[in-house]
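Report on the structure given below.
Going by the order they are written in, the chains are A, B, C and D; count residues from 1 in each one.
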Amino acid sequence: MAEFRFHLPIEVRYGDLDPQWHVNNARYLSFFEQARMAFLVQLGLWDGQDFNRLGLIVADVHIAYLAPMVLFGKYRLDQRVARIGNKSLLFEYQIVDETSGEAMARAETVMVTYDYDRHASIPVPESWRRKIAEFEGLVN
Amino acid sequence: MAEFRFHLPIEVRYGDLDPQWHVNNARYLSFFEQARMAFLVQLGLWDGQDFNRLGLIVADVHIAYLAPMVLFGKYRLDQRVARIGNKSLLFEYQIVDETSGEAMARAETVMVTYDYDRHASIPVPESWRRKIAEFEGLVN
Amino acid sequence: MAEFRFHLPIEVRYGDLDPQWHVNNARYLSFFEQARMAFLVQLGLWDGQDFNRLGLIVADVHIAYLAPMVLFGKYRLDQRVARIGNKSLLFEYQIVDETSGEAMARAETVMVTYDYDRHASIPVPESWRRKIAEFEGLVN
Amino acid sequence: MAEFRFHLPIEVRYGDLDPQWHVNNARYLSFFEQARMAFLVQLGLWDGQDFNRLGLIVADVHIAYLAPMVLFGKYRLDQRVARIGNKSLLFEYQIVDETSGEAMARAETVMVTYDYDRHASIPVPESWRRKIAEFEGLVN
């Protein structure tokens, strides 16, 4: 299995918790989203400012919740682009408890490359393909 | 294909929107969650007040995003329990634009029956099995 | 005291609750925000679609929390523009439990009229002044 | 004016932003809340786990929004308890852009000491009074 080369610490907020005293299931998608944004900026694919240039839209998500996340836990989000399609990228994620090493969740999202001005999907740009393949060690 | 017998109108809030001017992908899970709560109360499986008696925990979610949801749209969430397992229920959902009839999203979540006091999964209670099967027209 | 002429039902979501089993304090601002959006659309001051034409930015909020809001409660948000300034509007709000008539919260927000393209405050447009004064029964 | 002795870095999330491309006004309350939780744990007033022992409930908030917060900004939240009442604490906050030194927001919240089991306000416990006064350099 491929390794994860992109990592982001997750700070759980009180505001992420629900009446069950755990991180609400919907917030995991916000964590993954946050990792994607940081990844795009780090690879120079987005300036982090102009949201009409963001270039990706969520098409499909799958999350397996393995153990509940709690306030003040130390968590790390691992992320990779596992596949570069014609008009989409497959992102894979796992959330790991830094203290125990236990996996809290595993997930994947299909992200379609998208032009927010024209409201239309677009082919994965060549520069994206090259930079992501290089970062991830993928055969392009 | 089975029909949906449980329906909930969705009111999109400004606070559900993200910089792309659409409902943020994470909020769909809040909509599904809201439908489950209303369903549990309607079937008399939960009193809507004691969250230690809630009885379900999310194990797995899958969402296919088909079209973006916008502020002031008229949406309806359809929900059904498609399968009753030993210790889990399979919920299926679709979000429909009431004006156009178009499907905005389709999803399913695996909900494990859970005792929040003991922090442990439990078999689906007989009363749940009977009431849900009856409501959904499932062979129990 | 002036009356409230604008009303909005509030649907509490499970996702609005926090570990204390009540609506989280931050969500009240989302409820007020939702009422403002509906108000702007109803008075024809905004089309509800182009967020660069939204015309208002929050400058100041004050909320008094009187009683906790719960899931499945029946609440009504009352709103009025109490004062029209040179470059700002003073909104007042109260949240009322429809069942008991009890006030759950009282609040006010100072909204500055704002041009999101130019990132600058602007004088309250004449058409806004006229329409709001008429709706609220204010001496303009 | 008294100094701030408690500081917390704020990581803005994409999920905190709204269609205006800035941090949504409601999220500031989540930032303040997060600082309070960290403060209570640091001073040994709460274990960070049992939310029935949390001991504080929000009674009143006032926020002055001075400049918009953006994604990937470097922000610091300053917090202090400015006054210890009989049954309440007055918290003051400011959010500062670490890069420019500019204040983004100033706020205060009145927090009532509260017993979540009995659903009733309680006098500020002596141990709280002593530890907070010591930390803040307040005359108790």
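By definition in this document, a contact is a pair of C-beta atoms (placed from the backbone, for glycine too) under 8 Å apart; a residue touches a chain by one contact, two chains touch by 3 or more.
Remember, predicted model here, so these are calculated numbers, not experimental data.
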Furthest chain, CA centroid comparison against chain B | D
B-C or A-B, whichever has more C-beta pairs in contact | A-B
Starting from the mean Cα coordinates of chain B and chain D, work out the distance between those two points in Å.
-> 34
Distance from chain B to chain A - Cα centre to Cα centre, in angstrom = 24
Intercentroid distance (Cα basis), chain C paired with chain B, Å | 30
Per-residue multi-chain contacts in chain C, two or more chains = 14-15, 19, 21, 24, 26, 30, 33, 51
Mind listing the chain D positions that touch chain C in their complex?
-> 19-20, 24-30, 33, 51, 54, 57-65, 116
Flag every residue of chain A that touches chain C in the complex, lowest number first.
-> 14-15, 17-19, 21, 24, 26
Within their complex, state which residues of chain B touch chain C.
-> 11, 13-15, 21, 30, 33-34, 37, 41, 48-49, 51, 70-72
